[in-house]
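In what follows, a single structure is set out as structure tokens and then discussed.
Chain lettering (A, B and C) follows the sequence in which the chains are written, and residue indices restart at 1 in each chain.
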Amino acid sequence: MDYQSIVTFVMEMAGSVAFAASGAMVGVERNMDIFGVSVLGVATAVGGGMIRDIVLGIIPPAVFTNPVYALVSVLASCIVFFIFYFKRELLQGHRRETYDKIMLAMDSVGLGIFTVVGVNTGIRQGYMDNVFLLVFLGTITGVGGGLLRDMMASVPPYIFVKHIYACASIIGAVVCVYMNRFVGNVQAMVVSSIVVVLIRYLAAHYRWNLPRLSPHE
Amino acid sequence: MDYQSIVTFVMEMAGSVAFAASGAMVGVERNMDIFGVSVLGVATAVGGGMIRDIVLGIIPPAVFTNPVYALVSVLASCIVFFIFYFKRELLQGHRRETYDKIMLAMDSVGLGIFTVVGVNTGIRQGYMDNVFLLVFLGTITGVGGGLLRDMMASVPPYIFVKHIYACASIIGAVVCVYMNRFVGNVQAMVVSSIVVVLIRYLAAHYRWNLPRLSPHE
Amino acid sequence: MDYQSIVTFVMEMAGSVAFAASGAMVGVERNMDIFGVSVLGVATAVGGGMIRDIVLGIIPPAVFTNPVYALVSVLASCIVFFIFYFKRELLQGHRRETYDKIMLAMDSVGLGIFTVVGVNTGIRQGYMDNVFLLVFLGTITGVGGGLLRDMMASVPPYIFVKHIYACASIIGAVVCVYMNRFVGNVQAMVVSSIVVVLIRYLAAHYRWNLPRLSPHE
């Protein structure tokens, strides 16, 4: 297992855990049972990648030929469930803030990592020159899981109501595509995922917004 | 047409009718017109299998190469529509209970049959050894239609709010996978679909629940 | 580029713009930011075709190998956004009627054109004899985008609540399939898309309805 595969593996692992946790937290907040929580966690973690693989014609999708990420996601979801099950006060009062902070962090990390993972999958499939496709793959892998999570939990899709979100993913994907042409693949992945997290985080922190019709949100 | 194909055909037929009826009933309850009702019925009946075939790379999905199930589903949906159209009192008062009972039965039968059909399709495609994939195929085929139905009718997905639901499907899928290794394929299908229906039914009847944060549902 | 490809190109272009505009208008109405508006616009314009290509095993979907339609959709969406951004009164009072009229027109044109485009793609893939598949392809290409739009914007899917909608698409698809056998391909496309728009428009104008349980809508 060469250096690059190790980095990819570690990143995918981290991304899966982060997204699974975000999905599980939404499920817990929506008062779902442990099964629903796990499903939301897994769907959030592997959903984007599955859509990507189907679009790329990777049959069956990687998540099945290599189920470790799915299993880790289930594990992470259950852990999240039991943390809140035994400490439900975490969902109330001022603690609420902590909840939102963790949720934001998890969601940002997942978004950043999966965006570059998506771009990378496209490159490995030989679509290096189809920039539009690569960016789409990065974005769908990055935002797909969260979109699925929100649609399944029937909460208004985060991506449409919250601050510059998919934009961060798109910018990161573009950065990743072009860095791949000039620097090594690993550097491209690490740097551009950091770019996504940074944009996403700053956008949320400073409440950056894109123009919209009425000011109130 | 050998013994096994006949059993499979009969089961798929029964499952399609049951799921189509459940979809049509949701449509009627949501006051959709006959077209919406038929679409919901068909989507519920063939939706799960279509997702399964796309994941497996069966192109075009079986539902098109062999449209009999879709046509039967449309027929069943229209029948359901007209039953309620001429007897709309079935939706009110104490009759309501009967409605819920039938809905539960239809949904359980469809869930049980399609779960094993999904597992079977995976086995026929040669993924006998990828237990994780087989269980996913069984579950997505079993719950996919109902999930699509609820998302299209924008009712809170049954699978997330109601009693142990997809769990029954997963357990049945696991049973089916392992029985296939020891007993005949037909026995495996029949037994494990009964297992699903049983779990699903008992869960609903005795209000079994998985742990969740707050008791009220 | 022969005569037929030109007609197809012009029609797809017009359909993309029309559907993108309808998607963008929904986004604007839902008070999304410019990004959400663009995503809704693009999803509405290319969503149906993407589902169609995946069902047909066209990998990667045409929208990526030929991104011009997606780019045009983004452009159209942004233009719509800024029109409303600087003239938000268009959304209020009696002007509202104009909004609805334009929305209806855009949606009808998109529906008509994409229905025949879908049928055509199926024919070009060699499924001329599978009428059921061709009609499905036409309908999913025609209504898929709008369905995606409504699900993403979490408004009750137009297709289920509004007047004879997918029906128009299905009828048009059937007309297109059979005309292809007797007259030229181009004539079939033009005529049957007009058929769809006509049915759709008359249905909305004269409030045609299919039977449903309770009269109020």
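The rule we apply is simple: a contact is a pair of C-beta atoms (placed from the backbone, for glycine too) under 8 Å apart; a residue touches a chain by one contact, two chains touch by 3 or more.
None of the values given here were measured: they were computed from a predicted structure.
Viewed as a contact network, the protein chains are fully connected, with every chain touching every other. Rotation angle relating chain B to chain C: 120°, from a CA superposition, given to the nearest 5.
A straight line joining the Cα centres of chain A and chain B is 30 Å long. The set of chain A residues touching two or more other chains comprises 54, 57, 151, 154.
Put simply, chain B touches chain A in their complex at residues 54-57, 127, 130, 132-133, 136, 151, 154, 156-157, 159-161, 164, 166-167, 209-214. Residues 27-28, 30-36, 39-40, 50, 54, 57, 59-61, 64-65, 67, 70, 84-85, 88, 91, 151-154 of chain B are the ones touching chain C in the complex.
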